[in-house]
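What follows are several structures.
You will see subunit A twice below: alongside subunit B first, and alongside subunit C after that.
Now for the complex of A and B:
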């Protein structure tokens, strides 16, 4: 029972992260592309409960900020106007998942004050909003690439395990090649052979395709193992005796047995693939600007002065850690469930 | 011995397959290094065509592959477009640096993981064990990339360690001892990042296989004979638990190489990683293929080494 509770907690945590990222427009106070050139590299806005006269306010508030005179990238609070933080405010227009649009935001402050939860980047764009919107790209890349890998793996594993013979032999030799190669080297090598200057949409599809096709080997081998063991079970042989076709047996008897392995693999692959996207974009081989992704958000840390003085630019890294933590916990809990279920 | 021969032969076959795959991929992909050159107005179309002929890029795939194989037998491994040098003159020094980094990280990671895993298994279920498990499950979800950037940040911020490179600028004038210290200081950031990233998996495996062994009857028997706990753990239980760990060592080489690629590129360690990135950017075909081949060789060597160690360590395997 304890294991079940763990699984539920981990799954709720993971799902809420995904919902926050999916509804980035609602959770984020600003659009990811709006620039505030006067507030480049602004640190996170301080949120107060006690005002300058020392009295307590139940509603959190921020002060207006203004650039410090004769200094660059330095800002100070002007204690004159108190701007309370409001929830469910009207703001910039956005769409969720391309389906419905709204201008309702979870929180915000009145102009001219601005609430940068985790500071701004070199164009003064709100880093918190960019991390959320970037998450859409990075997580979508991870999920789609995982789907590609699993489908390929399932297909090849099923065919190879079910039909055996030379098909099986050659498929498993291929698996060996793909497993022996350090996958990041392979990823970079395949990326190296593909064109560099392409549109963002092409880059995204390319990235998903490359990452996804490289990872098919492990799921294929696992699925093949399951197919081999299920194929010889008595009920499968019996249904074959009743004249069931190959596709029927694969669909009815074999496919359901692979779900457990596929789910565990998915929970392990998604964070790995998100990291792959982040790594490629970080080095400038993946997605590039206007599109925010966690990788190219982190890429600004390659500049010495940003690395040294703007600690809030690590925000995408924190998001990355949180989401991989969620996936690992789910994978762990799910694995334990499977183990306790089978014994 | 015959087993070793067979394994090596298998490895060579694998390498051939990988190289064929690389060439196939490169042929499928549109464009090449020289196409980027065409965009440069200072290079005339004639020069570009002449270069294509010189590097043999106008030949069909099979011819190019055979020419490459020939150059491998000469020990050249193809020609780099960007450096205008044989690949074999670029790779060894980079490979040495990568090996130095991964070797240091492997030794350190196992040196920490084994005692920690044994201790955690011994205290199974107590708070020490729970703490270790919690810490490892947190570390597990932090990718190498983040470790490397974070440690670089700390190094730069505190000025305690040099960031980037392998030697200080004036390293030429140092004595041998100073040079070693300097190298160690430069190694610290990338090695720590790699160790932190690979530690959790190792600790968990050590713990799991130790727990399994500690449940066995011969441990209870030994304990009943009044053998001390420390001796029990180290000379009775651990050798019995070592088998899966040796296999894990072989399997972890590939992951470690992938990790070190990222860490090298971020911390500026002059290994294979930055070279591969650079080659990927400039589409320097033969360097990419050379590095992929080299990383395959390392992985195969790692698994082979693990198998040999298994034979040495376990009499049961030897008997087979």
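Now for the complex of A and C:
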């Protein structure tokens, strides 16, 4: 019962995070590529409820910010104009999942004030918007790569476990080779062979393809184990005795047995692949500027001064930790369910 | 080993070099220190020694100056070394005949006591200082000068300085007139010929003649060479080298400069070059007090340092814009022989002057200075930095950024816009190109990102492609397989002559169109003529007038779109006296012989 509650909490958290990332255009107040060159490395905007005269306002508000004269990357509030935070405001045009477009944003403030929830980067781009949009790339890469891996793993594992013989032998040797590969270096090597100047869509598909095709080995081996044990069960033998075909047996009796393992694997692989995408982009091998992904957002932390003086630049790392944590909780819960189901 | 004075304790210590582990040697060392308190004792001025009296005064002997280098020097051979760290060390070991003062940017006598030029501007006679000695105690005279130029001009040695000594297609002729007089004959007059001699090290014939005759000169004076084999006329001499860690120089006791009190320079006992990988690591070492100077620090790190400058006892210098110029260049190379059809189609845009003008008008140079250099830099509209006060053309226009002007220019050139804002050329092709830049240069990557955003306002679809530095150089200089690039040049001398190879149409760094057999455009042939003329003109005012015209032609035709130049930012310990960093390279150590530590810090420096 306790496990179930944890699963529900983790699942709700994950779903809301994914919805926020999917609808980044709506949740984010600004476009991720718009530069505000007067506000480079601005810290998070302060949201007030009490104004400079000490009176209380029910609607949160921000003040205008100005660069501090004769200082770099330092800003101060000018207490003159009070800009209340509005919800459902019109702003920059965006599309959600490429299907419908709108200019309605969840929240925003009146110009010239700007609301940077987690500060800005080197070009004065809103870090909060960039983290959300960056999540689209990173999470989608993780999910698609997981799907690729699991499909490949399921196919190879089933065939190998079900038919045995030389098919099994060769597939499993292949698995061993893939398991011992140092995958990060392999990713770096594969990326180095590819053309430098490719469109963002190609870069993205490539990233997914490379990450996904490398990780199929472990699920394949797990699926094979299950197939091996299931295919000798009495109801499978009986079904075969009644003249069932291979595809029928696979579909009706064997595949359903693998779902639990696949779900657990999926919950483990998604965060792992998100981190893989982040690692590749961190090294400058993923999507290029100005498109954000969590990896190239974190890459700015390679600079010493950013590392020591701009803590808000760690925001993508926090998002990464939270999403990984959520997925691991889900994987754990699945695993517990599987265990309790089998005993 | 050569002893000129057998009782010299410095030489005693010299004998113990390299075997510090041995206890006997350690005793010997202690004995040497006990006797003198210093590493190598400066020799008192001798009769007949023609020392140079400098403005330095009141300095104290002793102390060790520690500086960091990003990469290790590769060689100590002054003729073959091409990399900056090697040259930085060699510059302290060696001396030149005529030197450019890094602060006044004017020439001043060094090993040459005086010089004169014939009326036709072709012969140049140099009189050397009498009675000087190399750092190993051997005498210096005209034979060493003739020998050194023989090395620089030897084709087999491939010295990077050789090109500078070929004037009018012929190498400079060098002739010894007597023991202390040398005559240089040039094939044609050459403006500011005395500036040629700066940083050309004079080498000891007694040490290098044999390797040269045996054809082994290129292998001579490596970092692995024994310090006894290396001698120069510089303020310091080689002491020891620990690969990957540090290179230690000690005082040259025979150095030929003295201060106002007739004390022989340098003041410092030792000069140590540490190998510290990158700027961030250098920051840590400087903040920890391991190094005494940090040079060419980035603006953000400079801001971090300035917050704590007074409490840490450091002094910071913003010397203003450097002489370096960063620019965006479009590939205008002749691609007929290359198999690059898609690129050739895009060249039609790049060759359109209005296209380049539009790009230039759309770029937010102030934004680049603000975001890339954190405000510590200067925007550029020409190749000469505003800090090059003798040569910058003050009347060069500085048009402000204007997207409207850019759009008007593009419209005039036949470009149009799709409803979604994408720019189309005459044939309806979308304007899309990539900018390659070095992945190891974070500043130029940032410039590319800013330009990408600026040009998206014009509807241009620009990709930023970071490349490993060597791959970038290969594309720009060999294969021509790039569309546009952001690069940087300059920073060496303030004079226009070292810039010849960029602006002459036949120049090896004529970056936008390499390997032109004849000028591809009228304005390039105009630049050729003006640059040649200014090289032959001998009067500054005449040269300045000609070079101003060159700057105006470049500004009007924009073969390169100039962006910005960073300030030179330097930090040093406050106790380091006489420290006068300069815009010209080497920025900090140019007057190392006059540097000394004020009293209280000296003790800690010695214990280090």
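We take it that the second predicted complex is superposed on the first by the 331 of 343 C-alpha atoms of A that agree within 3 Å, B and C clash if a C-alpha of one lies under 4 Å from a C-alpha of the other, contacts with A are read in each partner's own complex, and residues count from 1 in each chain.
The criterion applied here is as follows: contacts are C-beta pairs under 8 Å (C-beta built on N, C-alpha and C of every residue); 3 or more make two chains touch, one makes a residue touch a chain.
This is a predicted model, so every value here is computed, not measured.
Once the two complexes are laid over each other on the shared chain, residue contacts for A:304 go to subunit B and to subunit C alike.
In the superposed model, A:33 lies in contact with subunit C only, and not with subunit B. In the superposition on chain A, contact of A:177 is made with subunit B only, not with subunit C.
Among subunit B and subunit C, the chain that touches a larger number of residues in subunit A is B. Look at A:329: by the touch rule set out above, it reaches subunit B but stays clear of subunit C.
In the superposition on chain A, contact of A:104 is made with neither subunit B nor subunit C. When both complexes are overlaid on chain A, the residue A:123 reaches subunit C alone and has no touch with subunit B.
In the overlay built on the shared chain, the residue A:289 is in contact with subunit C alone; subunit B does not reach it. In the overlay built on the shared chain, the residue A:72 is in contact with subunit C alone; subunit B does not reach it.
Contacts of A:186 after superposition on the shared chain: subunit B is touched, whereas subunit C is not. For the contact definition in use here, the residues of subunit A common to its subunit B contact set and its subunit C contact set are 196, 284, 304, 308. Every residue of subunit A that touches subunit C in the complex is listed here, in rising order: 33, 35, 37-38, 40, 72-73, 122-124, 196-197, 284, 288-290, 303-306, 308-309.
Within the complex formed with subunit A, the subunit C residues making contact are 279-280, 283, 298-301, 303-304, 364, 367, 370-371, 374-376, 434, 439, 442, 446, 448-450, 452-453, 463-467. Touching subunit B in their complex are the following residues of subunit A: 173, 176-177, 179-186, 188-196, 271, 275, 278-279, 282-285, 298, 301, 304, 307-308, 311, 314, 317, 320-321, 324-325, 327-329, 332.
Interface residues of subunit B, counted against subunit A in their complex, comprise 14, 17-18, 21-22, 25-26, 28-31, 137-138, 140-143, 145-146, 149-150, 152-153, 156-157, 254-255, 257-259, 261-262, 265, 276-277, 279-281, 283-285, 288-289, 291-292, 295-296, 298-300, 303.
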